């Protein structure tokens, strides 16, 4: 889809999108807050401490959910990139979805590393352990930063979409390779994974964990929707900026030569 | 007469800045068009759009009958662009540079010596790494690369830069020869006498669009100024039968 | 495509033969990196012997970054990249040609660096088959990924810093797998070295195929 078609379609919907808030996201936002509150209450008060890990088990109500949302974000990025690359499906909305997924995923990835590190420090006394999943997550984080940096470096929206979808696909395949590499590497050195959620999670703990998934899931969805809309708003802003830049450039002609100005250019 | 190039309301961007803000241009096959205009007028961008190197954000372009965006690969083989920089590999000799371009275009390597000779590059210069040549010599090597590829459309950006009088005449002669053989030339230059000498049509650009020198059939409903800017020895086409767009 | 690849590889290698950048700059850099590792590990001999494969592949990674950047700086220097795009060469061929050229330079470097670790870290060379096989596959992967991402970063303003940021995490599995393969070959670990070879093969296949398919778009994109 050419850039011009993007601008016309976003122009058409501009009346519907003056800001990135709509009633739907307001509801979503409040629901997310409520679920988070519930999660905090159950997590910190209602559910009992673990036999083995004591109070530190409460990390169970944050870390796994956050990690899952991180993978979900990157998964969305990969799917959006694949969809964009598919000729018949190609449309700017996939590219917007890809960047929304990647950015929100990166935020959750940082949170995963942070909470994982805290949990490790609290339970085992170490800030970092070379277990397979944590290592993989760290590599994933670095890859996502590279992807986001690349997006920022390309100006033209169409080439940016093309280039970042290709890179997203390559990175997705690399992650598969990384998964095997890190898990083999870990078993080679006989590290045990810290964060295996054993079969002993039940009752209040299980329930609270489920609540945490719902809560962070809602937060994730809310962030992705807003990021997507932010992208739409940016495109609209660019289109408006382009029009005024075109007009400014054309008005230079009058000043310079005093000749007739070229015919008005409708930006289709 | 057939049109080699047709640009309509071409808009090309660099980030948010419009390099071309709605340019119209027609170039007939076999003609020499001289683009004039101040720095920043969009001459280089127009040439790059015609070469298929700069995508259009709006408007239409048709070069040698092809869409420069959709059929870029097919088009680029038939087009030759000489930019501000020469596009040479400094560590390779003139011969090796031309050879690479010729083999890439799948042309026979016999084209190499004749192209170098035609641009006045004598034996001794051909084997030196181009990084050691003077600016004018490098320009001539770049022109030799272009010549050896035998493009149908020559797009030249300041080709006379660094050339002395003798070699300017050489280039003029070369351009006349290739157009007589059927190629089309569009060149951007600050030189004053060029259009006269080459019997070319002058097109003036300013602020990203074409403001003067348009052909009569381009001006949709507006009076043509083409006749006013016609130089002595103006485009032969005006004397010929109406052209086919 | 193969014709074009040979032409481009020959051109790149000829330029390298004349300019000798890899020989005069990248090789000494890699050797100095090994020396620096020695300083960083405080001459601890048993530790250096253990760490040698990892340090070797790190040095190759850093040099690979330089080689990839160099592969495109020769195109950028006189805007030769425009000529390359107009040349009529198939992008997949350009990709393969450049990857072969970078790979060849890296292989030569690796031979010298092997000598380096034998001398500096007192490594004993055993398991030549696995060493060579894993080195070739790793090099293929590094070269392919380096050229693919190098093309991307070429036209961008932030080229020098973006390429390392993109390439380093991507090459992480190569460093990991190649190190483990070499550790197994050098009898520093008891793992099965050959399955790491499979991983390296997958990585190389992904980037060679990915590059061939997408190089056209990557070259235009910036």
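Chains here go by letter, A, B and C, matching the order in which they are written, and residues are numbered from 1 within each.
One rule holds in what follows: contacts are C-beta pairs under 8 Å (C-beta built on N, C-alpha and C of every residue); 3 or more make two chains touch, one makes a residue touch a chain.
Model, not experiment: these values are computed from the prediction.
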item	value
Category of the chain touch graph - line, ring, star, complete, other	complete
Between the pairs B-C and A-B, the one where more C-beta pairs touch	A-B
Most widely separated chain from subunit B, with each centre as the mean of CA atoms	A
Centre-of-Cα separation between subunit C and subunit A, whole angstrom	31
Between subunit B and subunit C, centroid-to-centroid distance (C-alpha), Å	40
Mean-CA-position distance for subunit B and subunit A (Å)	46
Shared interface positions of subunit A, touching two or more other chains	159
Sequence positions of subunit C contacting 2 or more other chains	220
Subunit B partner contacts - residues on subunit A that touch it in the complex	2-4, 155-156, 158-159, 238, 241-242, 245-246, 249-253, 256-257, 259-268
Complex contact set, residues of subunit B against subunit C	51, 53, 72-73, 76-77, 79-81, 83-92, 96, 100-101, 103-106, 129, 145
Subunit A to subunit C touching residues, read off their complex	139, 142-143, 145-146, 149-150, 153-154, 159-160, 162-163, 166-167, 169-171, 173-174, 177-178, 180-182, 184-185, 188
Residues of subunit C touching subunit A in the complex	148-149, 152-153, 156-158, 162, 165-166, 168-170, 172-173, 176-177, 180, 189, 191, 195-196, 199, 202-203, 206-207, 210, 214, 217-218, 220-222
Interfacial residue positions of subunit B with respect to subunit A in the complex	9, 11, 13-18, 21-24, 38, 55, 57-59, 204, 206-212, 220, 222, 225
